[in-house]
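Read through the structures below before going on.
Same chain, two partners: chain A is paired with chain B first, then with chain C.
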Partner chain A sequence: MLENFSFRTIIEYLPLFGQGLITTVWLSALSFAGALAVGVVLAAMNLQRSQLFRVPAKAYIDAVRATPLLAQLYFLYFGLPRLGFVLPELVVGILALSLNSGAYIAEIIRAGILSIPRGQVEAGVASGMTYVLRMRLVILPQVFKVTIPPLLGQAIVLVKDSALLSLISVSELTRAGQLLASDRFMPAEGFLTIAAFYLLLYYCLKGLAGLSSRWLGLQPARSST
Partner chain B sequence: MIWQQLQSLAGSYPLALRGLGMTVMLSLISLVLGTALGFGLGILRTGGNRLISSVIGAWVDLIRGTPFLVQIFLIFFILPEFGIELGAFTAGIIALTNLAACFICEIVAAGIRSVPTGQVEAALASGLSRWQRMRQVVLPQAMRIVLPPLVGQYVLLIKDSSVVSAIGLTDLTRVGWLVVQRVPNGLLVFFLVGVGYFIVCYPLIMLARRLERRMGQAHGEVQL
Partner chain C sequence: MSTPSQAKTGMIDFRGVNKWFGPLNVLKDITLSVEPREVVVVCGPSGSGKSTLIRCINGLETIKDGDLIVDGQRLGDPATNMTLLRTEIGFVFQSFNLYPHKTALENVTLAPIHVRKIPRAEAEQAGRDLLAKVGLADKVNAYPSQLSGGQQQRVAIARCLGMRPKIMLFDEPTSALDPEMISEVLDVMVAVAEEGMTMMVVTHEMGFARKVAQRVVFMDAGAIVESGTPEAFFSAPKTDRSRAFLSKILRH
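And now, the complex of A and B:
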């Protein structure tokens, strides 16, 4: 049983956990920004009429969605040095998370743009708006509105996925738990503490998702993480 | 150079097959168990008992709010402290089943909630028992909402099974990791690992998309 559960050890390791938490937060934020960029580019390619853009974007999205993140992570981790890129583990991790989440975000953005009724575009054309004006004043504000909740859902997934970076020894939150577990043979203290920290992040993002859908006047989101 | 590596890779195909077998077995067992458990939980979640419903809701939130890797570590390293000795395989199955059940529970609950109350009332008025109502009226209609995300969930499950390699199970990802120590070509090795997963997952993704389109059409017909 857990009768010798040691809160003292947890407090002793608290600075380590704090550092891990901070690392997890900023590396997730950075990866999310990267994923947004990747997602926007892929979605734009996917919405072109020319097969030249659509086929590679679709192939990339399918390849990412049909393979596990861990395999993708190892692909970059063991593969990049072979191509002559010797990068720190942290950079490889952020790259892997961005490239992975980007494929999912591309689908979210695409669905958002396709959800705008055709009539809206036609009305824009009829009012003599240029493409840029239509995009800026008609399409994008509406896309923005419907994509925020699923994007926050993807952010939750990304934060959880970032735990896998511990397997290529990035010193984030899960790594801190592993250190405590292996240094002191205290897996319960290590892993329960980091689980609590992840839950904290989860509830923050979930609360934000709820707030955002209320601000945007949408149905309270049944978050589909 | 690349020939030698290919030859060396070809030599490790029994290992790769074993890894693929392990991935498929893990996924299949936890898929069956997780679906059964998930449907049970989903029905209980919408069953009207506040206490049961909120306990299930809280558990689902705990599982959704923590990384799967952490859940595996918790099950593998902490259950033994409660006197339950687990092999890595059993721990993997428990973790994957639990994860699948939690997500499927929410999918099923959403499906059941989507069935109009009038349907349930009509069934009540026809004197159907609770079980008959569920089986003959609610679930068949809920399935239209449930099926596409359910198949999508299976894809996620197969992909998540790669994480159990962290507790030393020799699944497809672990095989890649082992082979790359001998054949130092990460691009090639993990490309092949990816192909392995792709072969299993892609048909399911296609199926989910088709179901989504078909169920959407069916829904449209009803609304007309």
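And now, the complex of A and C:
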């Protein structure tokens, strides 16, 4: 059985896998940044007293969580052009991942914000900070610290979800595997290789999360310039 | 000391203020005027509304009716910029509420830099000076978790002073402290008072009241029951409720 497994073909296709990997990395990074932005805004809306903000935020989060990502992606890719918005597939892909992941991240951030003691908000208010200022300086830095583990989980999901973009012909990592599988009829080689690359990305993300929690954590002494 | 009157506006002026939490009337018809540079100690049993009283002054609580005028500005008036007014009012919390992700110095300089727009270098110099003033020159780069309760509360006081406020409010500043740390915080508060700060202090520290307060206000069940100089209040309380309260806190 293993004699049929062609390492040589994998090596031959490595440049293609490399390009796919790079595309997956940067489009996931962009999507995650977008998702964080979407998530912070939705979480902030969801925590307002006014229904005017809360109802649309909740409706959006429910809609995204209740429907398959593939359906959302197809809606943006095939549906939007019918409504007059023609966007390149990469933009559609990043948009879909940001909007989808943002709904999950909104709930993570909302829980994180609720975990910050009320006194922190009051300290910011009492010193004359506006809502935006105390979110930026006081609340969110603390929220990100406690939410790093769940955000890491969401980042991993996002990287894996980006495989769906192969279906709208974005040449990312999974697309490279598909090409090897269809060009040479070597699905085992193709998909095992991309699996290895996804595993690699997973460990990179874990390392990054560890670094950032140490960066945001308490350091014994730091010179403040 | 000048006598507060209805006609004259003090630094803090409560005029017939009422507040409810649901059906509970937590502030009952409060009329109280605090002059510039005056130090007023507010005491009373737990749940008497004393914390709520001072939390109204910087708008952490809103009032239902009556007028509350702070530094010449009426709270709740559309013309009053509450955010701006708060920069003039320092508030020291019972539980310190320092920012745990910031060093002592960063805690002190955060609002001056971002709210007051003071240049960073200048704010940091002022912050170092303030931390030295509260006896924490060696803790400039320490995080709150590395400080004792008394040290944290002194940083919190320095954080307020960094904004150069006109008024300082203290909400039971020593209640969360171990006994041996209380005096280090009170000493700082005495120093602030002696520099002429307008202060309202919710506390049961009667030594502090005797030393720096011009007036003690005794509250019970949401109303001001008695108000007078510390000597008069402690040696000859006028009401049964204040006598009962004093006998409880002075016994031990």
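FYI, the second predicted complex is superposed on the first by the 183 of 225 C-alpha atoms of A that agree within 3 Å, B and C clash if a C-alpha of one lies under 4 Å from a C-alpha of the other, contacts with A are read in each partner's own complex, and residues count from 1 in each chain.
One rule holds for everything that comes next: contacts are C-beta pairs under 8 Å (C-beta built on N, C-alpha and C of every residue); 3 or more make two chains touch, one makes a residue touch a chain.
In this text, all values refer to a predicted model and were calculated from it rather than measured experimentally.
A.B. asks: If you stack the two complexes on chain A, which partner ends up touching A:V125: first (chain B), second (chain C), both, or neither?
C.D. replies: It touches chain C, and chain B stays clear.
A.B. asks: Look at A:K145 in the shared chain and tell me whether it touches chain B only, chain C only, both, or neither; answer first, second, both or neither.
C.D. replies: Once the two structures are laid over each other on A, A:K145 reaches chain C alone.
A.B. asks: In the superposed arrangement, does A:L211 touch chain B (first), chain C (second), both or neither?
C.D. replies: neither
A.B. asks: A:A66 contacts which: chain B (first), chain C (second), both, neither?
C.D. replies: In the superposition, A:A66 touches chain B alone.
A.B. asks: Let me test your reading of the model: by the given contact rule, A:A195 touches which partner, first (chain B), second (chain C), both or neither?
C.D. replies: first
A.B. asks: Would you sort A:I11 into first (chain B), second (chain C), both or neither based on which partner it touches?
C.D. replies: neither
A.B. asks: Between chain C and chain B, which one touches more residues of chain A when both complexes sit on the common chain A?
C.D. replies: B
A.B. asks: Does the superposition put A:L137 against chain B (first), chain C (second), both, or neither?
C.D. replies: Touch partner of A:L137: chain C, not chain B.
A.B. asks: Mind sorting out which residues of chain A both chain B and chain C touch, each in its own complex?
C.D. replies: 222, 224.
A.B. asks: Contact residues on chain C for chain A in the complex?
C.D. replies: Chain C reaches chain A through residues 58-60, 83-84, 86-87, 89-91, 93, 95, 97-101, 103, 105-106, 110-111, 114-116, 124, 140-143, 145-146, 159-160, 163.
A.B. asks: Mind pulling up the chain B residues that touch chain A in the complex?
C.D. replies: Against chain A, the touching part of chain B is residues 61-62, 64-71, 73-74, 77-78, 81-83, 110, 149, 155, 158-163, 165-166, 172-173, 176-177, 180, 184-187, 189-191, 193-194, 197-198, 201-202, 205.
A.B. asks: Touching residues of chain A toward chain C in the complex: what are they?
C.D. replies: Listed in rising order, the residues of chain A that touch chain C are 117, 119-120, 122-123, 125-130, 133, 137-138, 141-142, 145, 216, 218-224.
A.B. asks: Residue numbers of chain A touching chain B in their complex, please.
C.D. replies: 1-2, 62-63, 65-72, 74-75, 77-83, 156, 160-164, 166-167, 174, 177-178, 181, 187-188, 191-192, 194-195, 198-199, 202-203, 206, 222, 224-225
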